[in-house]
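The structures considered in this document are given below.
The same chain A turns up in both complexes below, where it pairs with chain B and then with chain C.
What follows is the complex of A and B.
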């Protein structure tokens, strides 16, 4: 039998509590307005056969699960989901490794360290559309500089048609995404590395630990929470990435780079199937939620 | 006590702040008490060379004629233009002066978003003086907009390359293919030509649809006729697409180019011929002097000239009557002959007004005569009967045709059959 303990609050605590509520109210109102309402509208739309919100000619549509049955029986959707997962995991894992290696290097002291750090982080704030345009020219299969370099190094004999063949187009958008996203890892992991005391490494060295042992037994455990948070944030960004892929390939050729966000965009703004697009949005939200749930134990340790 | 008062003041400030943010644009901008009316005018042309000067002069003149009216002309990039406009309309905050790429007209008008203009047009001579392409802005006998540009596609070519090869500019489909072959040059023999006979774009977007359809329509084919898809699998359409496919199979064109890359490479002298609209003329004007003089324009060497409505102005159905009148006044003003001449002078594209084009204008712009001829003969490339489903229909065409022009080059006849079945199933016609 468990006994209930009555918590007695002092007048000052009650006042503070009221004040906290008062301060939280505007934020709650914002959340309600900017998150809950659109989310509610999207859920509602996903159960309606609506061409477009705001149409002056559409009748009010009733509720139906037709969008969901259509989506789950649509091969294009499953292919786009598969592509999204391949795209996300490839880009995420490689950009994480590059980010980690660079963070470890930048954590050492060397000449022009600040300049190198700035140059490495430069890609991060560049808008996706600009990065897309940059990669279109770099990876142009006819006159692009990447082919010219590969040819001059005798790695290829003939131009690679980067953007007009399915597999190479996917490789191109993954490379562009890695280029755009690894600085985020470098930045966050470097911040994490700065927080590890040198004493741990000195003690480990005295005990005879080699570099690999110091990395796996000190650095990685100390960075665990930063790694999980940055993987989650960057993973969500890459999964929802739209502008970069759209600019480079438009989802083509032959839908080879059409991921879920592009499928959603096409349904919403090209075909004006808002109900169906909302259904894709809900599934995307579900997939993103899985990432968050998987990262939850580590996040709880870090933040709560 | 101090803390409590401070918290209350902060909360009140935030609440008022939020409330202020919540007031609508119309309430803020067109407040009758201040006496000033602001007309929003987003356009993808607001900062485009040529177009920018035209629109800025039009706005300045309108503001001069209407003292208490301001026009807020601002740039929205073309890639996100229709999405932005769609969102503004869906949120019931449409821009008072609505400028759209006309291929989206049917979709917008189907939502009931545009004001019918018949009564207003009756009081003017716009319809009788305007290009026949204006009829494309009609639904059930009612006009919902005024066309600003209707164009035919033309063939731009590099005269120096033809002279060097000793061949004539093509005048029919056979000489076109022969020229594409002759002018493609792989000087180091590595299988990657340095110069291409023809330049086609090959990215999954509407430019790809426009170009592929230029071959289909130019060679006498069609995707549909009043919603009937029989023309899609006709022999003419098949032959046109086989010819288009052969440009890629034989390496007469680069692959994977966006339309911007195609234009850039043409101006740099890396391709001998491209098909494109009048807007390429301004790019040629900016080319290096030694290249510029060799870049000329002529009619596409096919039996028909492909073309389309380009862009148009509209009045939103939900704005106030006062605003509607002002927007109509603005539309009327830009259709005046002086403004249409200014449009041709600044933009270098033909005016839809039959009375604005004269010898003086044609003399000033050497390409304009060709554009006018092509616009007059233009055969519409929009899918007949599928205008309301333009986005979805064109995507099926893009997806299908893309498989024909990418390795391993799908069979044209089989792909067309598949496309027809898919469109019939998905769009229900």
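What follows is the complex of A and C.
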């Protein structure tokens, strides 16, 4: 009797497992073919000194670490890496603060809430290229409205040629990136805030905690894993951003805004140095992995 | 009395902050619309934040639609985005259901794997994918673009959908199965209808990703008549003189579909992110 039940259970269990695998198979197949296979190609290419013009110039090129030694001794690479880190850190921290403040505001009750929420989040679905074009126009050196506004507020007396000088070009690119990336923080943090029970705040108020104490002792700890996950996802997005910077400056002037993704793309599709470009890709991947490893404990907590 | 005044004061401060944020953050989009509706001479002479009625014109839209194949690019983008979204949503809904309902090592591993894949930089993969598609003679063929889009949409949408399925109690399906439904029938009749808001939110997200895509489209599609809207519009910057009224008109046209979809489905997005990306 018991044996019979056991047999039935295992066949249904096997059927279940087959179904689970069948359902998951297409997603796994896409990822394997288009991500894992190319990833291995990249690793291989990064150890080969090859160009690609229609086909690889030297398909049988032996393995060498020439690309890596060339990269590490190249000042352009170190500068691009430094710029990438400065760009990511400043855009990420400011958009996080803006996103957090807006999420706290939108979590309160007020008139026209839905309209305000839509207006605040509307930057999110705008393609990076379009955001780029828009900010070139806003920060235009001759006819840009930002210069006009700053002049009327007496912050500057003369038009600033934002995109002609390195530092101001970087500032422009960072502001555009912040505008594109804060809505994601607002959206995720707002969702996190909605999950915190009112009771905690009531009890804390009865105990005499002020607003700042309630924020640091209830809100922040409750949001911790949401904060880490959204910082990671947005940080990776900013670090590997290509379209926005490409549109606004193309990496210029004088490479002042050339971050790693732009350096990689130019090496690959301007000079066709696929091996060298792949090496830059491997270093980018390494930087991304460091972010991921740092956020891993919190990711595990959130997803499993 | 004192506390009442304080409360009023705080409330006024909150409204001031809200109005200030909306004014600053919505300004770039406002300026896009104003520019697209302003005559060329007015833009170059005396710009003011509030548009003057005598400077308003629709000629920018007419001219840019006349001189550039905006509508062709628009159609290409709709084709690519629709195909990518439909396939990606089908594939990821299946995977998400499997991850949510069956707790096997293989399904858990897939979930973790997709999470890692989500972290990979696109620029890293564009080189080998370009070489692969050149060998397969798929350059200038939308298949290359659609396949790459799908691959990058799947990790996002699978995790979002999994969150939705997790929020639908298993007991409903069990009840249906006791009443004689097969597992697939239970999925079709109970789970899918309940997950519709989630599917709507995930589709919106996927469509946004597909519509915005630039890197793959720029690399895999080189013929101007086959460009998507993002590549086409960025090419306007290469023109000798940039007529900003017309460029902003083109930009405004290109974001209409995605802005409309977002405005109508935004409430599902907030809920969807709660369920998916930010599972408590």
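Note that in this section the second predicted complex is superposed on the first by the 271 of 304 C-alpha atoms of A that agree within 3 Å, B and C clash if a C-alpha of one lies under 4 Å from a C-alpha of the other, contacts with A are read in each partner's own complex, and residues count from 1 in each chain.
FYI, contacts are C-beta pairs under 8 Å (C-beta built on N, C-alpha and C of every residue); 3 or more make two chains touch, one makes a residue touch a chain.
No experiment lies behind these values; they were computed from the predicted model shown.
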item	value
Contacts of A:23 with chain B and chain C, given as first, second, both or neither	both
First, second, both or neither for A:252, with chain B first and chain C second	first
First (chain B), second (chain C), both or neither touched by A:159	first
Partner chain in contact with A:126 - chain B first, chain C second, else both or neither	second
Touched partner set for A:110, first chain B, second chain C, both or neither	second
Touched partner set for A:278, first chain B, second chain C, both or neither	second
Partner chain in contact with A:14 - chain B first, chain C second, else both or neither	neither
Chain B versus chain C, judged by how many residues of chain A each one touches	C
First (chain B), second (chain C), both or neither touched by A:137	both
First, second, both or neither for A:236, with chain B first and chain C second	second
Chain B and chain C footprints on chain A, overlapping residues	19, 23, 26, 30, 52, 54-56, 129, 136-137, 140, 143, 247, 269
Touching residues (chain side chain A, partner chain B) in the complex	15, 19, 22-23, 25-26, 29-30, 51-58, 129, 136-137, 140-143, 151, 157-159, 161-166, 246-247, 249-255, 266, 269-272
Chain A contact footprint on chain B (complex, rising order)	3-4, 7-8, 10-11, 14-15, 18, 79, 82-83, 86, 89-92, 107, 110-113, 190-192, 196, 202-205, 254-258, 261, 265, 270, 317-318, 389, 391-392, 395, 398-399, 402-403, 406-407
Chain C contact footprint on chain A (complex, rising order)	16-17, 19-21, 23-24, 26-28, 30-31, 34-35, 37-39, 41-42, 45, 52, 54-56, 101-102, 105, 108, 110, 114, 116-138, 140, 143, 145, 148-149, 179, 182, 187-188, 190-192, 194-195, 226, 229-230, 233, 236, 239-240, 242-243, 247, 260-261, 264-265, 268-269, 274, 277-278, 281-282, 284-285, 288-289, 291-292, 299, 302-304
In the complex with chain A, residue positions of chain C that touch it	14-15, 17-18, 21-22, 25-26, 28-29, 31-32, 35, 43-44, 47-49, 91-92, 94-95, 97-99, 101-102, 104, 106-108, 110-111, 113-132, 134-135, 147-148, 150-151, 154-155, 158-159, 183, 208, 211-212, 214-215, 219, 230-231, 233-234, 236-237, 244, 247-248, 251, 254-255, 258-259, 261-263, 266-267, 269-271, 273-274, 277-280
